[in-house]
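What follows is chain A paired twice: with chain B in the first complex and chain C in the second.
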Partner chain A sequence: MIRFLSLLFFVVSNSIFSILEIEILKGSDNLSKVAFVPFGIESGIEENYGNQISKNIEKNMLLFGEFENLAVNEMLSYPSSENDFYYRDWKVLGVDYSVIGKVNSVNSLGNLNISYSLFNINRRIKILEGEIVGSEDNIEGISKIISNRIYEEITGLRGIFDTKLAYVINSDADTYQMCISDIDGKNEEILFTSKAPIMSPDWSPDRKKIAYVSFENGLAEIFIQDLKSGKRDSIQALGMTNSAPVWSPDGKSLALVVSFSGNPDIFSYSIKNKRLIRLTNHYGIDTEPSWSPDSKKIIFTSDRSGSPQLYEINTKSKRKKRLTRDGNYNARGRYFPDGKSIFFVHGNDGNFQIATKKLSSRYIETLTSTSLDESPTISPNGNIIIYATKDGSNGYLGGITLDGKSRFSLPVKNGSVREPSWSPLLN
Partner chain B sequence: MEPIGIFILAVICQVYSCAANVSDSVERMQYASVAGEEYLQEDKLETNLDDKVYFDFDKSTLDATDKNLLEQYLPVIKKAKIVRLEGHCDERGTREYNLALGERRALEVRDFLVVKGVSGKKIRVVSFGEEKPLKSASNEKAWAENRRVEISLY
Partner chain C sequence: MNKALTSLNTFFLILLFFSLIFSMFSVPNLNINETQSIKVNFYELIQQDDILFDSSTSKTLIEKETKKTSSTNKKTNTDETSIISKFKINKLDIKNEITKIKLSKEREDILRVSAIIQERISSIWIKPNSLSESLIAKVLIDLAPSGEILNFSLIEPSSNTSFNESILTAMNKMTFFEEVLSLERKLFEQNFRNFNLVFKSSGEIE
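On to the complex of A and B.
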């Protein structure tokens, strides 16, 4: 009977939840070991809360292969406060950091008061202490916030566990879906379904809108969709193709590509007064614009030299500068959040891979070793790049962390997934 | 008895949860059908000519075979109201660049026809970049078939 019920649960949970699921292929080179101790609970409170919170935090922190965990049943003690915490219990098991906490109270509105602490075992000190209040209906959200704080304390980087991913799913020959989900693949929403292709999604800086390209009217046309209302506005089709929309950091403009009479150039489109400002004017292909974080420059792809290379235009002076010279195909450039480096698609001997380059150096570093890689997107903390790639005839998403080079993949159950776009942080 | 019961229930649950996924998304999704210009509602003009010209990787130049084929189209084009040129690429490289490359290929064909006397007003140019491949395999043969401009007359 128990076998029967557990099979039932297994089948049901696998099919209903998340369509994208992260699979770690290779952990970081420099794995820290973290113990996520089940949170204690004040007597009278439902025990499950303590377990749920620590399990969620553990799941989040392990998501990208950056850490390893200590199994709960290997722990020598289960402290929930500093008074019960003994460093030797963790040092002996090779643990580098321990997370403990306690659910202190639940009030009549169903709000939990939770405290948590983080210990650095090697230095034998407590490095973080926090308290958070949240609804018992939002254990997932509370856990993400705690996970972010813990991640920030250990790595020095902003936590990204409450960010989202947008992507396009091509489930069969005639079905394309514009989707978003939590960064772990949960809570997937289908924003738009079409019989015609969808491309190039990009999140607005306030996370409230997504711009993308749809061929529903027979040509490449840019739409902005409001996530709350579902309302879609077309940037009225102006040229033969209208594509590559990318939000400016202040959210007031889109850089985009319009091909008037067959010559694609880069424009800046002001959303409020619907005005187009021309940025490039060259008979070559100019496409794939993206703003620098300080809004002073736009990187773009141009084949004006004979093959696709990356260039940068100063948005004020309109002066252009060539950024890449290695190899004969460098395209789809984006800036790192700190503005000091770029990442892009680098063609090398027929292989298309994701590469990075410091703006101050001429050396390219290739990150991937597959051969049909495209559409890279970066986490807001600048540490993880997710990109689209292919295996046989199905497209899936791959990922790599930059500090430890852990690798993971996000396949989809049916069809192909591509064109990932990482949301900004919730501010 | 129990193993059979498990199996049947597992199948039912798989079917149910797939259906639940689909109906959920039908309610929330925005659905669009492919519209397009009016001429597409008409029937294509039948020709017994091959309806595609092909290109080398990252190139948009027409070779002798291509030009030969296009020359054969000229008399038929006289009877057509619209000539639709649809540009495509293989999957390699980036999608947006390929959208522009597909357009350039279609324009190469258009320019050839215009030089040969076809009125520019008759010609419609559309690019789908790499979004609508004919073959989904990742090898030279499939890629060669995908690097094309499709010609249809209305």
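On to the complex of A and C.
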């Protein structure tokens, strides 16, 4: 459809006063090529630091397949300051952006001062220049900050290299681990291990706590765990089972599913005064709630129409609206960070794929090509979706950029990885 | 006897050969100039129309013309004037038709070159993810007859900086639209000397 549309253009001509207009709708499938030049070093500083920083930035920027890189041995020069930088050296190699920098020492305590610049080769301009001071022990952290700034300058979207991922690992038949790690899979931490299933992790907006469901006491129970102290608190929501907790973006409430006498409905739980407010009351199954970015609406899955479909409820007026009508399986809906679109699991002939839908449009669009996809989670900048999928019996995490240019899978863990949840940004 | 038969055979063979050669040369030449063929076609069409629908106006015109003339050879004169008058009436139509044909050919050329330009820009424009925003930005291009881009400016930027930047980056990658060399100079001056590229993002997930 888009290809067809892209071929459409209109010609307003044959008149003295009008000017020919050619419409460009379709962009290239190519990726921007970025050269990450090894950073220079001031004399007296460990030689390896320069290489390490540029390599880290390169690894971050390539993590989601959004850019192409230029191999170091193909570079014609290795400038570390603007004076040594010649655009033609990069233009001939088809480079779109070049990152250069230098590591300088600041003081005897081992702090480093790192300067960096980003050049747009086609426009022949320097588009970013910065300096950062940090400890020798935190080269990785410094690289992430520089990567974020470069990413933001090139894409116009927030950098996400310092975000984290929460997920559940099912290493053998009766071992479940609630884990968090950096988005690149490094620094994995096991928060809780249980012999009973663990499900539905969700980050608090301040990234200090995680809510999840654990069956350790025989019933589905919601726990909130503090990441610093490791302290776990159970929410006693009075129902038979409590599940699918999701933090509201303002951090004041949790949306959750409470099942009284076996009928699950959506509730809002106020964290401060521990009050439970019923939002839906239907004999059908209402589950998988998620908040809109403005914390005013909740999207949820319900089989009230006979098949699982997505609905939206205004938490104040309690007015409901059906959001999906395509096919007989649309579940686990989530809003995009801008609140204008949703993504969800769309079932079609036994295939379960991640789909998106603009709320103002009638049509849905499937994003993934694998067939057993579940639990999609979106990057806080709204550009990447990570989802759990299966290769035989082994679960792993796959990802896709929303322009469809890049599909990737995250490093394999020991065991089946399920239920990913992307952390919010640190403000 | 045998000798006579052989010579007869040879004669027929030669005859066959020549008839073949003759038939080859008698095939009408189809390489008629495009403009000529158009003119001929329309003239023919109009004459046919006149024969079929001999209008009363042309008749009165013919009568008027005959009254004015006082020569002895009345009949020939009437015939001549009738042809002239017919031709006068239809000349404008022919002109119009030819102009129409020319315009549609020009339009075709403009569309062809526009499509190539569109394709070339699309192949280098790395469109940023604009989430659900619908964006439009307009770039004015000044082109030399050689196809060289003399200047371009973002005359109507969108509200999204990275969208604008991506357009400027793409435009900086282009130096020539040599496709315009295939156009007539007049057509180039009218349409491609200055033209707009309208970059759009529908906000849909692609």
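Throughout what follows, the second predicted complex is superposed on the first by the 393 of 427 C-alpha atoms of A that agree within 3 Å, B and C clash if a C-alpha of one lies under 4 Å from a C-alpha of the other, contacts with A are read in each partner's own complex, and residues count from 1 in each chain.
Convention: a contact is a pair of C-beta atoms (placed from the backbone, for glycine too) under 8 Å apart; a residue touches a chain by one contact, two chains touch by 3 or more.
Quick caveat: nothing in here was measured; it's all calculated off a predicted structure.
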Task = Return first, second, both or neither, reflecting whether A:54 touches chain B, chain C, both chains, or no partner chain.
result = neither
Message = According to the stated criteria, A:117 is in contact with first (chain B), second (chain C), both, or neither; which is it?
response = neither
Message = For A:157, using the defined touch cut-off, is the partner it touches chain B, chain C, both, or neither? Pick first, second, both or neither.
response = second
Ask   = Between chain B and chain C, which makes contact with more of the residues in chain A?
value = B
Request  = With the two complexes superposed on chain A, say which partner A:315 touches: chain B (first), chain C (second), both, or neither.
outcome  = neither
Inquiry  = Just to be sure I read the superposition right, which of the two partners does A:190 touch: chain B = first, chain C = second, or both, or neither?
reply    = first
Ask   = Residues on chain A in contact with chain B in one complex and with chain C in the other?
value = 7, 11
Query = Mind pulling up the chain C residues that touch chain A in the complex?
reply = 103, 106-107, 110-111, 114-115, 117-118, 121-129, 131-132, 138, 160-163, 165-166, 168-170, 172-173, 190-192, 194-206
Request  = Show which residues of chain A lie in contact with chain B when the two form their complex.
outcome  = 3-4, 7-8, 11-12, 15-16, 177, 189-197, 199-200, 214-220, 225, 230, 232, 240-241, 243-244, 257, 259, 262, 264, 285, 287-288, 301, 303, 307-308, 329, 331-332, 345, 347, 350, 352, 372, 374-375, 390, 392-393, 419
Ask   = In their complex, what parts of chain B are in touch with chain A?
value = 2, 5-6, 9-10, 13-14, 17-18, 20-21, 25, 28-37, 40, 58, 91-97, 99-101, 103-104, 107, 125-129, 131-132, 136-138
Ask   = Touching chain C in the complex: which residues of chain A?
value = 2, 5-7, 9, 11, 13-14, 19-28, 30-32, 96, 120, 122-124, 154-157, 336-338, 340-341, 356, 358, 361, 365, 367, 382-383, 401-404
